[in-house]
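Shared chain: chain A. Partners: chain B in the first complex, chain C in the second.
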Partner chain A sequence: MAEDTFLGDDFLRQLMSVGEVDLLVAIPTFNNAETVGQTIQAIEESYQQNFIRDRVVILNVDGGSTDKTPEIVCQSDGHRGTGRGITSLRTVHRVTSKYAESPSPAKALRTVVAAADLLRAKAGAVVSPNTVNLEASWIANLLRPAYRQDFDYVAPLYVRNKYQGLLARNLLYPMARAVFGRQIREVYSDEWAFSGRLAAECLAQNIWNDEAIRARPEAWMAITGIRSNMKCCQSFLGPKVAPAPGTGPDIVEAVRQTIGNLFRCLEIYQDDWLAIDGSQAVPTFGPDHEITSAPKPAGQEKVFDLFRSGVDGLKSVLPSILGPDTYTKIQDIASLEPAKFRFPMELWVTTLYEFAAAYHRTVIARDHIVQALVPIYRGSLYSFFLEHADSSPDQIEVDSEILCGEFERQKPYLVERWKAKS
Partner chain B sequence: MKDMIVQGLQQAYQNMVRMLAEFLPRLVVMLVIILVGVLVAYGLKYLLRALLHLTKLDRLSEEAGASRMLRMAALPSMTEVLSRSVFWITVLGFVLIGISVLGVAGLQDQISRLLLLLPEIVVAIVILFLGLVIANFLSRAALLAAVNAGYASPTLLSWSIRFVIWILAISMALEELGVARQTVIAAFSIVFGALMLGLAIAFGLGGKDLARHFLERNLGDRKRGGTDEPQPL
Partner chain C sequence: MAPYDENLWYKDAVIYQLHVRTFSDSDGDGIGDFRGLTTRLDYLQDLGINAIWLLPFYPSPLRDDGYDIADYTSVNPSYGNVEDFKTFLTEAHRRHIRVIIEMVMNHTSDQHPWFQEARSSRDNPKRDWYVWSDTDTRYQGVRIIFVDTEMSNWAWDTISKSYYWHRFFSHQPDLNFDNPAVREAMWEVMRFWLDMGVDGFRLDAVPYLVERDGTSCENLPETHKVIRDLRKRLDQAYPGKMLLAEANQWPTDVRAYFGDGDEFHMAFHFPLMPRMFMAVKLEDRKPIIEILEQTPQIPDSCQWCIFLRNHDELTLEMVTDIERDYMYDSFANDKAMRINVGIRRRLAPIMENDRRRVELLNGLLLSMPGTPIIYYGDEIGMGDNIYLGDRNGVRTPMQWTGGWNAGFSSADPERLNAPVISNPVYGYQSINVDSQRRSEHSLLNWTKSVIRTRNSFRVFSRGSIEFLKPINHRVLAYVRQLGEERVLVVNNLSSSAQAVELDLRSYKGYIPIEMFGRNLFPRIGDLPYLLTLAPYQFFWFRLRRI
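What follows is the complex of A and B.
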């Protein structure tokens, strides 16, 4: 088996002692000693409350923690039996593996998927120890559709404030929806679930070392499920708490990781999406996602400054990526007064599609193309701040849907630019 | 008198015939050498082109920005440039060998010198081209990192890097040709710059993310003054 080559002997021994399982929940960690105990507790409670007859395992994949995170995973008592007096009828196994000396999302996920395949797990979920409000119900909401209703990919739905996750709401979701034709909001997520079938499908592919896939392999797995016509759904979890300052990726890193990944997926699966027209809703379990109000974020003018100086600073780079009309329009809006600034929706979509096509044609180094999108995204972000300063969550929802429609309307333009490769 | 003239003419005629008898075989040999050279050059060109297609050099060249520079200079793809260069260098080499077979006095020394210089010219061109590609790639990487970090003078930083690499590449090419050695010796004074460049390349390739974080945290915050951008994901 392929997994024999990258799984350590000790890890394989642990997996063999577990035998076959029905469910697996994985926690990728790196120096999460403070929060991992709480995550383990939520998983055990979920097993005890919802899957008492099933064979289950908790899998920790560690990226070289120096704060004894794996030891805490093994030692954590797990508060057995506290779940409303119900105790699991089976042993809740815990397995840990140090997959590398430094964190690597792709290596971590590949280890998880290989373990799920070896244990013949029917369903698996991945949760993040950084999610401080993880509850037992979240685990059950993720696992149930994959385990009991044969879904292959389960995406989370959250309650978010209106300024949270704007990269996902204004770019990743509408573009992935228009391209791949499925209305899944959170393809880039910390919590999600998969079936044994999807695990086996992804494990068989030799793309885990691809530079653009490595940083966000979970999105590639989701898109693999979509393009393979596997059953996909969304499941409501709860409020998404923003990570503590300095712990999550900043804008530049987030754009490089996610947009680079999305553009690469466009290329990998181009034979599947070029002919897709429109998009389909997927089944949703629990309430739909929710947007709440929030105070205006500070430092908005600085965001505009960075947009304007970025467009000016990249005048030797942007013309090789964008068409002449689009570049001229970007320059025009960059010269507007901050208070009058608007980034028209049509221009935003055209710009993104031209970036995607430039990535495909490799007009310059691909990572440079993705990085050149950062100032443009900042312009769109500032425009969102101005347009939605007083918007209600409902209004934002309506506008978000209009944006998705614009992405779908302009998709033929993307196809045209994409195929124009000489 | 008449006999002397006739004898002179006969002598001249015989000399000319003898020279022609000596020269014509050499000319034929030269033409054969050139013909063989053209055939060998064609063979090498197609072989190299196939090899470069296999190694996907054009894709690498696109990613490094070299293809864009070639397009700007109205040149074909990298594979085509290299295979055509090999063709013409081979043809030139065989032509020079062929000319040397003619045995024209004085010409052989010049040809020998040219032949000896040929590999050095090729190496110098390769050095210049690689310098151009590396300068372009690294200066753009620096520009993007500086722009996204909100650094005050990203273009200046980018051009500084480009300029230093150009200087280094030109110095190396001149040294290879043996031209202006004094200049090269003077350029040795910028060895510190070259050393720093080597470190920058090693740092950039080995830890590009670390380098980007370093730039953003140490240079970006100076201008941004703690911009509180909302969490993107």
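What follows is the complex of A and C.
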């Protein structure tokens, strides 16, 4: 029964007082005292500018901050209005819940969807206090499709420079698109929105403690929406500012969190995606995503060194994951001179699919499989640096679409490997 | 507690606003009159009100329902004569009901002899009693109040070939209060009625008395000086008489009309009214708390006048554009319900005839700080007729019985000054005093009960207010306090049942006694005080330490 009471009494009392709402915006926090004030301000502005008549709440789910983040969230800013002091029609509620003593994205999101369900929110959005350029319009752009146009899942679209979001552009997006058949770029995202229906659907599922889901539950929710034939769309937000160096997860952790999650989702929804062929565009609100130019990042050679040493170090592991042909090709490219290095697109896709199938078959510990992908991904990354050093954003866009096509072309191979007994 | 000061009677009043023309017709001519009104005083006494505010009853061409006065010292013959008024006044006083009359100082009718003289020639001695100009460009930028009918604040006088200033209808020329003769004349008019025994004046359109170039021509210091002089004379010659300001302004602007207790005794709190409706519609206390927290303190001898509905449109001048749009969409989706900057509807129709919401709003009206005004007919839930033009839809005959002309008049129905409401929902056959008197649980009897309760505790009329702010925003709770008398008021603004936890630790040990049923509730302790409320329910608790 303990599982039924993951919401604390104090939090329930707060929800009781808020009552039914139309809209909810959630801010998962952990020691975000410096930035959460700006986030709150952006949300309140968005509510006042776009949803003045609607019943709204700001929900903070905190993972044990020691810097008084929840207290800052709850602080009233008083009346920021004109001399007449009228700022909005309704009370803008602020509710905060300390869901655990340490951060857990799954616990945080589960608290959010539970609150959305209990408050009967028609739409909800999640935003990050780490997004330093969050604007009121972003929140409106996320909420509107879910609230006004009945969409169940709203993914963001950003302006990114060509070296930003490479894990998403070269792996997560094309693979998820090929597997699940929807062209949604950013299912792994800090900002997104959901309908009350999707919240209720996900809340009812007993997956929140799944290790592979825990780190990036938002992607599981997105994929749940896709596979439940709910209405999905994308909405343009604006430029995505990269987190300051050292503040985000490192590449190993990022791969573990996202790819481990994606592979697990493949397994959860295997009855649904095996028969999917090709992919469909989803409605997009506002401009499409955009790629901009950027100077070449430093330290590329180190990336190649890590690829080569990783392949060498994993020679006892990779053969159990990859097919012999694929493994040989990986070894071949690992022996190339750095300047002549290329990671062929076809090989990259085949490799990923074989990793996914190995994960499914659990040929070794699943976490080891995912971690073994890290050096391979570094090889792909280095190849991207070399190939696109002088590429225009348009060229990168074209190549990205070609890569997506390759993932879809090879999907039968994934299905074949997935279904193979051993 | 300070000793009771009879001169502050207006602070303890429950005012009933009525129009002689539409209240009761004694002679069967289809028009209400003072003799008819006098026969209804027992009803008003029984209702529990203790002051009547009469709409203008002066001779008038009635192009603005009497606010276009053609003679300040007489009674419109349709309503009777001065003797009838005196009789009414005497009978009202005999029942301990005070009488407040209208004094439209800002302007007269263009049919008033003063204006007729003033326009007759440019050198007439009365010429300077009004505001004239050779151009219509003076006082540029001053807002037009009746935007639906007037294009300018200037009107061309074809007789004297010049423009005259009018803030309201063009047939209502503004008096020139820079002229000492005008000020003296208005004081003489007031003396005429004060000598007769009236208890107070509701001064119409106060902010607009004086005009100055380069200003909004509203709330000018010179206007305040006019008021102060008037008040000084009043206090010296007629202590205990009251001045009530009609100033449709923000509280911070109206505050000036109280002066240092040397201008008006009372002023309407216009911005609060729409926000009470808004709060119930939004199911959120925010609009009410927000405006009351912005309301400045006023001198001890002064009081706000609060109301839900009156003879005018539900004015939306003192709300933001967003709030106005919301009010229109919520309460006046039919364009015919809108006029000027407001909504021409009565209380019950605005609340969609939801008895619970009507009671809640009346409960708010009678428990918040200020002197409440009840508009005639709202105590029985009368409806309106939005198709009668102007604001006449909320000025239909009082519904006394289910019989001939609703018991208002014995005239042929076609002869009535305004048709009675006769639709199946609000018609006089179903909504009338007679039938509600006979029903113990009628709105009328409920209203009587709640007024009686209010009148029994002076904390409602003179006490301070402290808002409790439970996290449940659908609940509006406050404590009224006067000396040792404390009342806790808890209102559920929402359409669903609510639970609320009130922080009443500062009243630890007190026993809440529900004031209508006199039932005891659990003693207040250290823990949050939990109450559950049905949709739109409200509680008044007397807090007693026993």
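Quick notes
Keep in mind that, in the parts below, the second predicted complex is superposed on the first by the 406 of 422 C-alpha atoms of A that agree within 3 Å, B and C clash if a C-alpha of one lies under 4 Å from a C-alpha of the other, contacts with A are read in each partner's own complex, and residues count from 1 in each chain.
In the analysis below, a residue touches a chain if its C-beta (ideal position, glycine included) is under 8 Å from a C-beta of that chain, and two chains touch if they have at least 3 such contacts.
Remember, it's a predicted structure, so these values are computed and weren't measured experimentally.
In the superposition on chain A, A:T258 makes contact with chain B only, not with chain C.
Legend: residue contacts after superposition of the two complexes on their common chain; A:A389 is shown touching neither chain B nor chain C.
Contacts of A:R53 after superposition on the shared chain: chain C is touched, whereas chain B is not.
In the superposition on chain A, contact of A:A339 is made with neither chain B nor chain C.
Looking at the shared chain after the overlay, A:S17 reaches chain C, while chain B stays out of its contact range. Counted by residues of chain A touched, the larger count belongs to B, out of chain B and chain C. In the superposition on chain A, contact of A:T91 is made with chain C only, not with chain B.
Looking at the shared chain after the overlay, A:A204 reaches neither chain B nor chain C.
Shared interface residues of chain A (contacting chain B in one complex, chain C in the other): none. Only residues 250, 252, 278, 282-287, 290, 294, 319-320, 322-323, 326, 470-474, 494, 496, 498-501 of chain C touch chain A when the two sit together in their complex.
Considering their complex, residues 59, 62-65, 68, 137, 140-141, 143-150, 154-155, 212, 216, 224-233 of chain B touch chain A. Residue ranges on chain A touching chain B, taken from their complex, read 163-168, 188, 242-243, 248-252, 254-255, 258, 297-299, 302-303, 305-306, 309-310, 313-314, 316-317, 320, 361-366, 368, 371-372, 374-375, 378, 381. Residues of chain A that touch chain C in their complex: 13-14, 16-20, 52-53, 55, 79, 83-86, 88-91, 93.
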